[in-house]
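Quick one: structure below, then a few questions.
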Amino acid sequence: MVILVSLVVPAAVAVWLLTGGRGVSHRSANRLATAASVVALAAVVIAVVVRPTVDRGWVPSLGLRWELAVDGISAPLLLLTAVLGVGVVLHTLDRPPQGGTTAAFHACLLLVEFGALATFYARDAVLFFVAFELVLVPMWVLITRFGDAHDPAARADAGGRFILYTAFGSTLMLVGILALVTKAGTSDLDVLAQGGGHGISVGTQTLVAALLVAGLAVKVPVFPLHTWLPPAHTTAPTAGSVLLAAVLLKMGTYGLVRLPLASLPEGFSRVAPVLAVLGAVGIIWGGLACLVERDLKRLIAYSSVAHMGFVVLGLSSGTRTGLQAALFANVAHGVISALLFVVVGGLKERWGDADLQTARAALREVSPRLGFALIVGLAASLGLPGLAGFWGEFLSVYAAWSPADDRPQGLFRALAVVAALGTVLAGAYALRVARTVWAGERTTPFIEDSRASEWGVIAVLVLGVLLLGIAPGPLLAMTGRAVSTIIGAAP
Amino acid sequence: MSDAVEVTLRAVGVLAAFLVLPLLVGQTEHKVMAHMQGRLGPMYAGGFHGWAQLVADGVKFVQKEDITPAAADRRIFRFAPAVALVPYLVALAAIPLSPDVVAADLPASAVFVLAATAVGILGTLMAGWASANKYSLLGAMRAAAQLLSYELPMVLAVASVCLAAGSLSLSGIAAAWSPWWLVFQLPGAVVFLVAAVAELQRPPFDMPVADSEIVFGAYTEYTGLRFAFFLLGEYAGIVVMSLLFAVLYLGGWRGLFSDQLGWLWTLLKGFCIAVVVIWLRVAWPRLREDQLQRLAWLVLVPLALAQLAITGVWVVTTA
Amino acid sequence: MIHLAGPYLLAALLAGLGAYGVLARRNAVLVLIGVELILNAATLLLVSVASAGADRWAAGNVLTLFVITIAAAEVVVALAVVLAVYRLRGDVDLADSLPGDAGTGMPPKGTVDDRATSEVIR
Amino acid sequence: MSPYVVIAAVVAVGLLLFVAAMGARALLAPRAPTRAKLTTYESGVDPVGRDWAQTQVRYFVYAFLYVIFAVDAVYLFPWALVVRGRLGAVSLLEIAVFIGILLVGLVHAARRGLLRWL
Amino acid sequence: MIAPTAASTSLVTFDWLVLGPVVVPALGAVAVLVADVLAPRLVRVHATVGLLALAAGLALAMPGALRAGDAPLRTLCLPAPDGACLFEAGPLASALQLGAIGSALVVLLLSWPGTDPREHLRGGPAVLVSLVLAATAGAAGVAAAHDLGSWLVCLELATLPAIALVALRGDVHAGRGALALLTTSLVSFAMVVLGAALWLVSTGEAVFAPGAAADALAHPQRRVVLLLAALLLLAGLGFKLSLAPFHVWTPQAYAGSTEPVAAFLAATSKVAALAALLVLVKALVGAGAPVIVAFGLLAAVSMTLGNVLALVQDDPVRLLAWSTVAQAGWVVLPLSALDGRAAAASGGYLLAYVVATLVAFVVVHVVTSTPRLGGAVDHGRTLTAYTGLLRAHPLLGGALGLALLSLAGLPPGVIGLIAKVVALRPVVGQGQWVLAVVAVLNAVIGVAVYLRWFAVLLRDPQEGPAQPVLRTIPRPALAALVLAGLALVATSVMPQLLLGLLG
């Protein structure tokens, strides 16, 4: 029941905003959306604690059911989504969106939240796909309508790239899902995970796993398929960037865990080395790009590519540690990138653009709160111990150093080294940003510091970063059980 | 007798009938028209009442120069007369004069005869088209439109007879004929006769060749023997239609001594019909093109359908 | 019984001729004629099968009747459309109606009785 | 012997007649073509314009009507053959419906002025 | 000749109720013509008669749709020794009938007399109504026909009035469109007839029965003839279904006709064509590689070509025309699996497409037929005319938006997404990976096609050339919009409503 509440309330409010409530003022729309997302958050929290299940028929002729549940893998992501759902709505309070009606903006935010929650709840492969697709259009609207007001062409391009890439990925995934469902005879994800691909030939498993991985890799994104991400992040409004980085990308990794890794372990093990290599390349590529990137927002986006590289590397290692690391890094990246995008988005609004070459007032001087948040974010992002980023990346590299038995050990060790190098790159670009933006003496042109709702959101995210860094235990424990059901007794 | 010989004999027999009967009708027309109009008609050729007039005409046609206009589509222009004539010959072959006297006893001869006669119009169309003459084309168009319009009532009328007889064969129809048909097939018979005259482009339905309007229609450019072929075709058409009428509506060879003289009865009945056709020419003025079309679609077609309905009810109630 | 090789061969010939006509001609009326040839090939096949007794329920004959009727209906619609187009454009060339051609159509040449044509399609 | 063979023979004889007659003509008739003789006949006036000039589209109307109605007669003949068998009154009704629909078409054509010349 | 076989005792069985979906619209067509003769001025009455006939047809098609798949309603069954039924209305056939009749209903509402100020159709509304009804009867008939004769007749009954409908507008564009459609139909008819004749030659049966086809497939010589027949029939129907390379007429005909007629071509005509195809496909199960390859090629080429060309269109009607070509490719995609589920999948995809495309056409019609400020002369036939429609007129904009998303297969147009799942499932199930990848690529291009238009809807109305003055939508058009829109929303929320019909 709570599951349905957490889904229906945002969806219903979004639909009302799109139809009946088109004319409402910004404040009332925001209040309404806040209320809806808070209700959803409460329901998600309850659901995470109570772990209820929903199972209702929807399209019998396809065998498609509303099969929803919460487990250790999805719980952190659900929480993350629900929290950020509240966060982005609150963050919008002081910033009436440009380019469209405020009602539509809020509706899109709520729809993205609805789609993401449904994706994480879904326990039916086809339903997963449907929910996966749900976020596309609202996100696309956020980018193309409400994005960077200065550059309509870039908006259209970014939105188009986003939706075409991800639609390609998800359709490819659909082919994989259909193949999997046809071969296994069921679309229930739990049953599929239990079956573990038994009775399907290795060749088919590999093919299907490759399809699924390729499809999901677009969303993650994994190295050569990442080119949609930087423009999308750059042009999207802050709320959109936050959702994109913290929620949408997670759907990709979550899908990787649920579908190929859990359902087709043998096939996945064939694909994993390739995926791991691409993850490592992504780490280096993202880091190098960050070193030379002039646009701050785009820089953060590239750093996302690098971070997701760690997640992918952890996933590919095939060990419990690796999977744990991946799941942890996933959540950590969600929080960190949300923080960074809120800060950077705020800076871009204040500066008018996000070019690092332009001389600006040092944040340390004119806007200490934003500066502090930026430094925390950067520090967490480079994997400083004690902050959220550390555990995921550290464990990923560790897992890659000692991968599962059926993985080529030499290759993975080499990748571990490469990934470690990547953290060095991360340090380099983090310092570069800190030096150009935060440090210095200039005080002109003046920009306002963060206040009110924005500061509230930032504070919560900073708190999250610190908490995850200092006390990773609860989260690791939460994922631990679920991980062992997926990867049996492996170390 | 071997098959080849028999086939040859039959074909030649048909040809003979085809050459003689139209001349007979033509001569009759000359004389009957003349007397109806209070004059004598041809009196010299051959001596007795000008009996050889048409033969003389034929000889004259053969000797006349045959001109193909420079603008004409030569091959089609030259071949058109054959297309106009041969179908009637073929149709004649399928009409029984009596159960025995028939060149080709086809199973669906009623339909076959209708189909064969309809081909003749192609000759007229070819002639009109190939002449490269406005009057010719106009005449051909009129002829085609007329044939199309009157084909339908005719077919429907024949369908009604076939329905009454339960046979598509002319022999079968004549065999099933009873004097009652004279009454309840009367509307159909009238429709058939009118439609037949119209198909033959005979007055009062001779708009396609209306000399006061379009010179001589499709045949304007024709001379000599080719022109004669078209004329022969017209009279052969009268023969075919009259015989068909006799077989369909008048019981064909039914009559006294029909076992021996059946063929004579058929010819006699057909001859009477031919006289009626000639009489129509004398008695009525030419219709206008629109009157002609309206007559077909708004009078004859409904009438034929009504006839069909009557026959249908009759058949079902008596069967 | 008629030996079927002859009719089949003739049908193939007719169909081939018709196909050539359809493919080679750009005038709608000539395409129509090509189509009629193909249809005749088909009906020839149908009656051949029927005469050989190779079908049940006299299907070949019945189908032939159907095909003739439908073909007639096609011809009626076809002629009406062709005439309407001729009246509007002055030609029935198919090239103009292929995509990629932005031709505006030629003005009517006025050689046809407009009013009468409009009756056709009214 | 099939009656169709006779029909074929009759067609052949007919063509033979045509050929023979034309042969006779070639032997007997004079030939003296002149330019004036070969000109298209235009009631004494020199021919002007295309031969399409007077072609009336209205003739096609009758072609349409004919094709619509006459082809349907195709069904009447088979029906006429079998109606006295098992079909009986019901089939009479059916054919009446069939013809009735045709009549509606005819009335329609008449109402829309297709049968008016002017 | 046809001689009565006196021995057998009873004639074919006859069930009016089962034949209803075919007979009632046909009778409606005649009734409209009679009404037109008796009372030429009461045009609303004519339209109402048509509407009632279609509604009755819908009602009569329901029982068949609710039957179990293995127990279809049968009628026109031959006497005992043969036992074949010429008319079988199972769930799939009845669902297609519902689709055809329902879309005709929407088209009829859309072309309601007196609501479109621009067009003066030749012959008045009665002609249009009776043509629509006749074509609908054909479409309903061909879905259930199982013998060559009624199949052919119904197929052409569905086609010929469509040509006349296109020509009705009577201007140069209509003429050109009608000519294109006409030539196509002629050629397609010739191919279908030749195919049918060869079918009879190879199987000796005048029914589309799997048994007969299987017999023929077992003999090498007859197999060749049967395959030739199948390919000819397939090509002929490909014309009607606008499958590339037989699609050339589609944009011409759509652009030349009025929007309601274009909608009719896109919906009812397509249902008829697919229904005809499915009857054939059911008999061809087991024909093997040639047919499968043919379907696969047709699907791949149509999708790709249609999508790519739709991407560069600026006239919404032309865009929808090319989209039809692409969607036709999706429709036949599952048939390349040639198994039992494929037919239902294909039908399901088609119905989803029909609902969405109808909504799109309704909106295009309303926008096009509405006078606008600023003297814009494009009459809604460019994409820019839709600038900001979502805000300027939420109902129209929302409906069009949902339709476009459905066609693109993106939520909230869930039915489009589910349809893609349905269509891909048999292909993937049979392991046709190449085809699946082509389909994936086309899904992406399709998204680009429809979002290009959708993005225009999203814009600020002020950016557009001139705002549409949509004071009031004519009531029949509103009814059409509500009817089709509700169907779209309902099927998006509950896809089972549509898929359940297919058994």
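Which chain is which? They are A, B, C, D and E, in the order written, and residues in each are numbered from 1.
Throughout what follows, a residue touches a chain if its C-beta (ideal position, glycine included) is under 8 Å from a C-beta of that chain, and two chains touch if they have at least 3 such contacts.
Remember, it's a predicted structure, so these values are computed and weren't measured experimentally.
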More C-beta pairs touching across which pair, D-E or A-E? A-E
If you take the mean of the Cα atoms for each chain, which one ends up farthest from subunit B? A
On a C-alpha centroid basis, what's the spacing between subunit A and subunit E, in Å? 42
Determine the centre-to-centre distance between subunit A and subunit D, using the mean Cα coordinates as centres, and give it in whole Å. 79
Inter-centroid spacing, subunit E versus subunit C (mean Cα positions, whole Å): 24
Between subunit C and subunit D, what is the gap in Å from one C-alpha centre to the other? 18
Name the residues of subunit C that each touch 2 or more other chains. 73, 80, 122
Could you list the positions in subunit E whose residues touch two or more of the other chains? 1-2, 123
Could you tell me which residues belong to subunit A and also touch two or more other chains? none
Mind pulling up the subunit D residues that touch subunit B in the complex? 1, 3-7, 9-15, 17-18, 21-22, 24-25, 28-33, 35, 37-43, 47, 51-56, 59, 62-63, 65-66, 69-70, 73, 76-77, 79-81, 83-84, 88-89, 92, 95-96, 99, 103, 106, 109-110, 115-118
Any idea which subunit C residues touch subunit E in the complex? 11, 15, 18, 22, 28, 31-32, 34-35, 38-39, 41-43, 45-46, 48-49, 54-63, 66-67, 70-71, 73-74, 77-78, 80-82, 84-85, 88-89, 92, 94, 96-99, 104-105, 118, 121-122
Could you pull out which subunit C residues touch subunit D in their complex? 65, 68-69, 72-73, 75-76, 79-80, 83, 87, 111-113, 116-117, 119-120, 122
Could you list, by residue number, the parts of subunit E that touch subunit D in their complex? 1-4, 6, 11, 30, 33-34, 36-37, 40, 123
Residue positions on subunit D within touch of subunit E in the complex are 78, 81-82, 85-86, 101, 104-105, 107-108, 111-112
